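Shared between the two complexes below is chain A, which pairs with chain B and chain C, respectively.
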Partner chain A sequence: MSEQTTVSAEPMATEEPAAGPSPWSRLFLGGVGHNLGLVAVLALLAVVGVATADTFATTANLLTILTSASIIGVITVGATFVIIGGGIDLSVGKLMALASVWATTVATQSFGPWVMVLCALAVGAAGGLLNGLLIAYGRIVPFIVTLAMLISAQGLAERISGRRSQIVTDPTIAAIATTRLLGIPLLVYLFAAVVAIGWVVLNRTTFGRRTFAIGGNPEAARLAGLDVRRHTAALYVVSGLCCGVAAIMIASLTTTGSSTHGTLYELDAIAAVIIGGTLLSGGRGTLVGSILGVLVFTTITNLFVLNNLDTDVQNIAKGAIIVAAVLVQARARRSTP
Partner chain B sequence: MSDHSRRGFLSGALGIGAVAALTACTSNAAPANNAAGAAPAGDNAEPGKPVTIGFSCPAADHGWIAAIAANAQAQAARYPDVTFEAVNPTTDITQQIAAVDTLITKKVSALVILPNDGSQLTALGRKAMDAGIPVINLDRVFDSPLAYRTWIGGDNYGMGVAAGTYIGEQLKAKGVSNPVIGEIAGIDNLPLTQDRSRGFVDALSSYGYSVGPRQAADFTAQGGQRIAANLLQAAPRLDALWNHDDDQGIGVLAAIQQAGRGEFLMVGGAGSANAMRAIKADDTVLKATVTYSPSMASSAVALARLVAQNRGMGDLVEKEVPMSLTLASATITKDNVDTYLPLGFES
Partner chain C sequence: MTSLLTVRGIVKTFPGVRALDGVDLDVAEGEVHCLLGQNGAGKSTLIKVLAGAHQPDAGELTWAGRPVAFPSPHAADAAGIATIHQELDLVPGLSVAENVVLGHEPSRLGFTRLRDAEALTRGLLLRLGHPEIPPRREVGRLSAAGQQVVSVARALARRARLIVMDEPTAVLDPNEVRNLFRVVRELTAEGVSVVYISHRLEEIREIGDRVTVLKDGATVARDLPARTTPTAEVIRLMTGRPVEHAIPPPSAPPGDEVVLEVEDLAGADFRGVSFTVRAGEVVGLAGLVGSGRSEIVETVYGARRATAGTVRVRGRALRTGSVAAAVRAGMGLCPEERKSQGLLLHESVARNVSLPALGRFARAGFLGPDAESGAARAVMARLDVRPADPSRPVRTLSGGNQQKVVLARWLLHGGGVLLLDEPTRGVDVGARGEIYALIRQLAEQGVAVVVVSSEIPEVLGLADTVLVVREGRVVHTAPAAELDEGKVLDLVMGAAHV
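Presenting the complex of A and B:
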């Protein structure tokens, strides 16, 4: 791919303000700035938390929120790539479940922790690749392909595990969730690392710019010389890889691999991406917004448990927040042309 | 160009290698299936007339249901006079109805049914009974007694009572005043969860205790971990915790360990082999579990055989099998765990 095509694709990708003096202020303007509504919601939740539960503002509780957010957060990073690229991935939750099961079979565990990690990554990436090939080269709608993948990944996970929870006996994998560096759980570092890598790839590389270009207008991207199909396939591999990383994390956190992991994670991830301000039609969006979305949902769960409230009310609150966030963002976008 | 094809060849070879390596990793050669069951006592062991027992249960999404199916099968295999016909398990009501219909058409001698939903399959139970096929209703009860010959199942209220009693006694012995007692339930809108919680509250109140932080998870390890991690933050100090379900308990225990907590005692529910091993090892906060044993499926098959052969239960005086059997919820602790280990189910 020559430099020229990249440059010609760039104008479509400029969704960040053109004049950004430093990367940090660009991050703020491009990411947080577009999501002031979300930041406000998060701040509001924090105020409610401090007011209603005296344990809310403790370090231990904030780390609990971040740890709870880490797995769905990693999945949301992949989902953000796919959605900005104009697709949708419904298979994320069950692809993670399948990878967690595959990586924790008696056979895989007998090879030790590295093989378990490789196995989870390979299963995730292979599932994503299959999604991508069917969508990009088989020309089937992403919704259908990934829905089919959701169902068959669930089936295969049940088949391999015999519908039982497979206990993680490997001490290294189990230790991922219990290890802390400087008082912060390793899972939170992993989450941060995936977000950081995702942010750099999306905002600072040709791959990221092409993702925006293809999501915004695939036909124009193709005319500009981009290999749209190969790039689309690659986006689903990214999503699958994130599922593989998440699979190891959840296997460690719950000490099991199970076909019941990740149920409805696809909806959680999509909801987080949407309230994060990413257009469901593609071409526009920020990773920071998606992560803020994940944090909002995780904080709500935490608040409800701290106040000993029912989970059903929690789901009503989540639904209301999705609608409210999108309404606020639509209004903000209209008022600032 | 040649660079391209070489890269293509390499990645192709890598792909094939990866697939081969991955398929080698699907084996789960688990320890031998220790399905619960026992040879019948009294004269019940003597072979009777050959009977065919039809069996239908929901598809397993949980170790408990997986154990139900395995136990039924294993128990039937113990009888030379029983032909066992299990239909494909499903979580879909209409599919379960269709599957049981085929067993009715085949005119099996007796049916053992664990319905996906008792109310929704009542008409089906009635249909089988009207066709002259005795139905053994397993655990989830039909709405009408006309829909089954015998009901056998667990005692959810009793499970809560057993957990509450154990916790009450332990805390009373320690002399704790105003204890903080937590509860992690299963799926909250199920009647069985409500029964368990009611029993728990009732038993605790007889010690003058009440339930503090209470949250519902979803019977999965993932849900258990998530709820427990947050609940531990809500309660900086706990004296006791009852978790309704040992499968979700794997996640609850993981969260407790990750939080580095250990100041309280925990009681499980259902009686998985995994929980029993932890109780036996005595190296976690899990000190007891109250049973809701899937061994009931073994007993249901034994009852179906007796009903189909027109026999009563060996040690009872009556000439026929009773209408209803509610199993007692046992409290398994370190002291009696060895007795119960063979009945534990793998998660």
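Presenting the complex of A and C:
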């Protein structure tokens, strides 16, 4: 009767602390505490970094890590919402590419930076809305809908750009990536702002609460009177909007809008969410975990670059580290009460 | 009587709860041993220990004269213990036959012999009085009662020496209960032992040989004779106090204002259903499992699309097929299956309870960290949900307490129409009385209540008006005062016409 083991084999994972003594310790227990495994992996990577590369522990390098985490990080925020809500979004990378292309056509650029930003957000939101409507009201599985979106967004981006990289000529947009406040790049602030907003929405609003409910048990949520379909559609819009923000960031960083941006970002984002402890089946997860997941990935890449290793070696190691992180994570959770 | 299983001093703690605190139990060969106790007393936890699904912290098990430990469900299975768990644990995507033989597939050279499995299943289902369940049907598509029958069949297929049944009759109707009891008697005649858990004391009296009573995780009485121990005594042992378990009569007749009007409603499995519920009135739907009762209330609620007819709340027609509209109009439904339809198992009690009323605790969509826990605590106290901690994940609550959480949700929401589908399923005698009193109290406050129940005395005791449903039609409508149990049973079964 093997299936009966599920009764006890269930990890005591996201059990909330009964009554946290203070909000801070609760945040720690709820967010970071359950991600001790990831924190440990990050610490280990840092030790390896310091040991193998003199430049690893410099401020400049740490800011490089954060900057390269910022774009995939913003996308991961959206992906976390979708996955906690019981869905999956494979279209994120190419939706970002499409938004970056549309926002950087000669015509769009002629209207100035605000229109470029609005254009990127609108393209992301519209793509997300189309995903959401097809999934929620058309009742097609998210995997298929967003895979189709990935392909079409790629095609549309190529068509608009004529497969060329479009140079960002607008100085304001170009300046986003080069501006620093108090020595920290503006991109990092943007990343932090999106994470902060995402955290508040997920943990402190009815929208976030309902996202957990719908991912955890859609039938129970429906019978409790939640509009499950509208909410599901909204989750893909959130993801699309994050792609729009990321599009502006990548256009600024690379000074181009291109259909080649964001290739395989969907896998990086999903991997970060999953090693961050969010259930792929929905209903449980934390944004803090996802962000730690992103930081683990970007730190690995950084280590390889500093040590001049090839990308093929990088990818082999990355796969191994994903599995190791999840193992450590699962163990750490079982031992936290 | 030779002893088959002896349990001594079992202790099992979960973070923050001592679920078992010194349990003793003796099961003899060929007897039906009943395990009684309130919701949360530890019955299910004990049988999970026997099934190898939980590891005890202390205590001893003796099996057929030898000390044993069951480190895994597989070990318990190999020793000859089969368990029918309270929460159904079938694999919904597999067929009936595949579920029945799961883990013991008859095979040759590694290939499952599906034909053998199906023949075996067909035989078992026939024995259980359900030849109509096709062995190839996907389990997820069976009714709750059908699934219960399949899990009994699975336990029988094991040819175990001890079969543990955790509230097997909660979803069964009287006919099916009779079938199950016949099979239990056949088993005990062959020397198989049965541990039987139920909150229906009349069943204990009918099928049980000896009774062991648990209270707060400890054995308080052992090996009482099931037939001769007075009910009041058993209840006192379980609850530690004498409990009134009769249904209180209504103190005032219902008002005149019609709150809920259902007119000529039809759905996939029923048609031509019309009834009204006035403020303060309780309307009961009696019928067999599968007669269409649940489909009717779910359609009234908008959870299923109506093919014809209208539903009005206080004179305003509801949009068909929209639960959100029904909830806005003040309706609430406690669904038949709390686990799959009612609860967010991994979320806290507070979050489960506040779900439909969440907007009320928010300011412009923003919620404080524990916005609703005060309100949740208050409704939990009113229903005596145990443990009374709103931050505890619902999945760690006992079955009966989970049921109360679903009720608490609508108590907190506080609309004018309450639809209750099997509201006391799996609820202990004490809590059952509290739920009855609560339904009365809500009715007196002017709530229109619709109750679906397989227990005819419950429908008759609670309802002002009873609708008897058979094969998707309302075959009889009458004031409860004009009916009695025998009459309703006849109508429900279709054996006689009045």
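Quick notes
Rule of thumb we're sticking to: the second predicted complex is superposed on the first by the 308 of 337 C-alpha atoms of A that agree within 3 Å, B and C clash if a C-alpha of one lies under 4 Å from a C-alpha of the other, contacts with A are read in each partner's own complex, and residues count from 1 in each chain.
The rule is simple: a residue touches a chain if its C-beta (ideal position, glycine included) is under 8 Å from a C-beta of that chain, and two chains touch if they have at least 3 such contacts.
Just so you know, these numbers come straight off a predicted model, no measurement behind them.
When the two structures are aligned on the shared chain, A:253 is found in touch with chain B, with no touch to chain C. In the superposition on chain A, A:284 makes contact with chain C only, not with chain B. More residues of chain A are touched by B (comparison of chain B with chain C).
When the two structures are aligned on the shared chain, A:210 is found in touch with chain C, with no touch to chain B. Once chain A of one complex is fitted onto chain A of the other, the partner contacts of A:315 are absent, as it touches neither chain B nor chain C. After overlaying the two complexes on the shared chain, residue contacts for A:223 are found with chain C alone; chain B is out of touch. Put simply, chain A touches chain B in their complex at residues 53, 55, 58, 60-61, 64, 67-68, 102-103, 105-108, 111, 115, 119, 122-123, 126, 160-167, 177-178, 185, 250, 253-256, 258-263, 301-302, 305-308, 310-312. Against chain A, the residues of chain C that register as touching in their complex are 15-16, 48, 51-55, 72-74, 77, 82-83, 85, 89, 91, 102-103, 158, 301, 303, 323-324, 326-328, 333, 335, 340-348, 351, 355-356, 358-359, 362, 365-369, 389, 391-393, 409.
Remark: chain B residues 18-19, 21-22, 24-30, 59-63, 65-66, 188-189, 212-216, 220-222, 224-227, 229-234, 236, 247, 250-251, 253-254, 257-259, 274, 346-347 touch chain A in the complex. Interface residues of chain A, counted against chain C in their complex, comprise 1-8, 12, 14-19, 23, 26, 200, 204-207, 209-210, 212-213, 216-217, 219-227, 283-284, 337.
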